[in-house]
């Protein structure tokens, strides 16, 4: 008991990582361990996360739960952790290298695919669609957009008008949407690579008094509220809370020499107005899954 | 350029600057409260982490002494880091990669110098423009993706040791020695003082301030190229946002280190202390694991406090 | 040392002042960009798009207009973006907890103003160069915002409040009215009040200004406070327009605001520039992004194009000023 | 030395040079002979500095020819001029503040060290020391220039010029910032250089120097050469008439008030960290009170402390019956004006227009509502330009382009507009021609006659003696004595001001 788990997340600005951190905290508390949060002061800064790893290696926590800010560029950092023989669990983005006890994440591709499918089904398989992408080159964005595109391919009746980046930023998505509405008089569906951009796009549509179906990804509180009020069609649940919980659970179990699961890829849930209730509770009140529940999740 | 009122200013070498006090205070503080802070391994950590910033802050000192500024350094470093990655990936040669990085860096530096010296565009504006260009080019050459799979020879630069000292530290020391020699013991160094202190004097001495300015900025770009190699080695990959914002850290280190923005008053050792102060602060805060938001604010507080201390002294 | 011969300004031969001539060139540039975009894309010239551009430019303008005053005094405020973020988050919280948009707006403006005032104090009382002081402030504000928001998003504001950012009045977006109002106030303040004159004098030579009896420290405090308050205003527009706020909204706002000021012809050396120029600067920046969206140019090119425009604008400005001799 | 026998070392023929709105030089010819000290005289804005800038290649002449030892040459750059052995000591120095004396002297010509690119430190110091010795300047050449006083910097300038083997040395108002003792040093040096065959062009507004140093005199007026004469052949009055084209009374007539008015300024026990202590001064309406002493005796500090520009440690300043403290804006609102000694850096916004500079202190008075009316500002400025006879094409001219005297008038003008009651002049006539000087004194006289008062700092004791009702003499940061109108002689000033005389 009393292990310290160092939890690395990408930034302190994206609500998603807050859910990860709360999940990790909850699980650690439940298991009588404690967490130390490491977050780059500059959002998503590679050099800073590398430095933090180096500093943590000096400090020697019992184990590490790790989200790489960049899945390729952080490999040397992971190797440093490996060299220091600190057990490490990978969550969220799958690192391109290094040795991990376990990986807990969601499959961005199927998340994008499923959510986009839901939108296209709602539209009856046709209509004019725009994609608002996240940060170019980030793993999450690449896979989500690939999922969007594959869903579009399954529906030849739908037409992709434009695919422009909003860098996961609300304001940029809003402005991109405003500009796109100028050159496209009919937009039926918007596929946004995260919730903040989806909400930005909705604001743009509202401002122009136009209607379109919009989906986002992450299942943030804001998105749930928007789904409740009917503004947002759906949000693909990325399950940050579970990722934090299960990642921490695996780390602590490994320390206590209990069995761990090598890989848990959380199944995508498309949150819609029919199934949002379980997601509508405050983070702190949500409960982490048990090991049995977690192993069931991995079975899929 | 404004005629500054002639005020007698003590030589910065003859007083203990705010930055030295801040650094000492930080070391004492963290030594007392941060477990593991006073270990050789951790010192080596801090030093290694500071190398990339050192390589930017040293030429930045010269640029600021010339009454200039280079906002493009972080973006250029990003671009050169990508070039190192891409070229060494395709040629399997670390040296060719380094060459490409340095070449691109020098080219950007030269463009900066040209814009500032020949076109007479204020440095802030010129380098803000090239910042955008370098950032755009980084996105374009990488298409926003990380570049991975580069040869191990690149990575070894970061992890290897020489006589037990990590190679990045050796490189940084060599760079510091080179800059120290360059600024204080060569003709070029004297001319750098004159660039900020009195450009007319250079003209009357039959020297071309424009060429010198271009050289100073080119030096900055070249060092961004070298630092780009370190960055690539550190990440074992190239990434289109890796170095963004580093220029502000470099400027902050220079300012904290006591180089003034007017009249060519520069102090290289102060810059080094400034870099280390930032490094020690970040490292120490990580070790005592304060909330991350406190860490965010702390660098700002350091900058303000160090300059405030300097202000107190120069008034006393 | 000032080399007078090189910086020599011409004797205006006509009634047009230098600034007027520069503004004229800038308007020409705007028309040129518009013409090119109109040819390349049909929807560019639609009323909707023009209003769209104006509305988007307004946010940049609000931040940049206050910044213009700071730059006129030969200072810089790098903390404006972070200030917008903090003010938005605090104002948002106040609206949520009290349910009163008016109270929220007032807190947002006050928060921005206080941050600006603190910047002013660092610059005047502590005599830290503004560039460094506001860079330090940027991180302090980020830290505060991150801590305060703890990774959460504020969202969902009363409909009445939302009108400020997204409503229309007689067919025009409300931010456009605000833009016109503040453009007018800013121009009047800078050109037609004695404070404006004093600000120009401080920028041109702070030592001489002080010895001419201008209360330099008080004016600088005023300028930084105004800049901060304008950031507060921008935060309100942001909140009501996006219906939400999170900790990282400021990051992408600072550099465009500075770029708008510079493209608008305000000199970093102080004493030269106009608020109207800044408006045109904001307009040019927005037009270019709008055009790139309309033409579906990859966003990878955006920083590159913006960079080139900044350099080009300042270079042309200097060129035309010199030729006017 | 006979002019016909010797060819001029350097000759300029029919030089013309125009700037927008001004013809700075109009068909000026000028000949310089070996080993002579050639005085260049003229009112402010007569074109002296411009002519010298053309001579040294800093400005390009619009028309005209150059001859060196009788041969036609081109001077299109400073390098050309250096080639011909021309060196200039400008009104503003060309030293690099954070380099040491040796590096400054040999900038661009450093002795090479063993490693390429480096400087032979030992040699550069030794060379500099030798050079400084030859001009009698005893200082360590490794001292950083930034820590030197004005006079010392000037000596470094001269050493630098000499190190370039200059055969022609141009000095533009070299004594403007020097004390008497430093001036004597400089004169001795000039004599030595002259003996070595160096030709010197010397620009000055001080009549005494013209006669003490000059071998020949060239007078410029409005950009034209008026005459060339020898000092022996003219009287000061004649020279002045040539310079200004009319008779100027050089005795600065004053209407001394029979009995001074009420006390306007009272300084009691003023002590300031800037280095002055226990200053007691009183200035009454209708008076011009002198504040004299050696350079460095703290006169400027007294002025700045009264005006609120420097912090005050203790003591009291009572103005117009009420105590005053705070920043300059308080003093200026109460009616105190400071005309600082360095007009370029402290008095003017050089890149702004004449009009902007003229109204800047009067904004609150002219526009009590806070709303600025450019037309009213313009009218005020035009009025002042006429009243003070400021030579400028218009109120829109950039003030940095005016000549020194006219710049000084702008600084005074801005306080006239503000309606100041007490004028503190710090070296008001530094670098100002005789015509402008008497105009400025007439102006001061009129101001005090109308009930204002003046406190005047000047290093030119003649001026103090001529125009002041009485004077305080300072020594080492304290008031060493007070001289009434009758006691006010140069002798007394020097006696009181000297260290432990």
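For clarity, chains are labelled A, B, C and D in written order, and residue numbers in each chain start from 1.
In this section, contacts are C-beta pairs under 8 Å (C-beta built on N, C-alpha and C of every residue); 3 or more make two chains touch, one makes a residue touch a chain.
Keep in mind that this is a model prediction, so the values were computed, not measured.
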Would you kindly count the fewest steps from subunit B to subunit C, each step being a jump to a chain that touches the current one? 1
As a test of understanding: of all chains, whose mean C-alpha position lies farthest from that of subunit D? A
Mind checking the centre-to-centre distance between subunit A and subunit C? Centres are C-alpha means, answer in whole Å. 34
Taking the mean of the C-alpha atoms as each chain's centre, how many Å separate subunit A from subunit D? 72
Mind checking the centre-to-centre distance between subunit C and subunit D? Centres are C-alpha means, answer in whole Å. 43
Give me the residues of subunit A that touch two or more other chains. 12, 41, 136
Subunit D, residues touching no fewer than two other chains: 92, 344-346, 350
What residues in subunit B touch two or more of the other chains? 3, 5, 139, 143-144, 198, 200, 291-293, 295-296, 299
Chains touch in the following pairs A-B, A-C, B-C, B-D, C-D
Once bound in the complex, which stretches of subunit D touch subunit C? 19-21, 58-59, 92, 307, 309, 327-329, 331-333, 338, 340, 344-352, 356, 359-361, 363-364, 367, 370-374, 393-394, 396-398, 400-401, 414, 418
Can you tell me which positions in subunit B touch subunit D when the two form their complex? 3-6, 8-11, 181, 185-188, 190-191, 193-194, 197-198, 200-207, 263-266
Could you pull out which subunit B residues touch subunit A in their complex? 35-36, 39, 41-42, 45, 48-49, 52, 139, 142-146, 148, 155, 158-159, 231, 234-237, 239-243, 245-246, 282-283, 286-287, 289, 291-293, 295-296, 299
Tell me, which parts of subunit B touch subunit C in their complex? 1-3, 5, 115, 119-122, 124-126, 128-133, 135-137, 139-140, 143-144, 198-200, 248, 251-252, 255, 261, 291-304, 307-308, 311, 315
Subunit C to subunit B touching residues, read off their complex: 1-3, 74, 122, 126-129, 131-133, 135-144, 146-147, 205, 207, 255, 258-259, 262, 267-269, 299-311, 314-315, 318
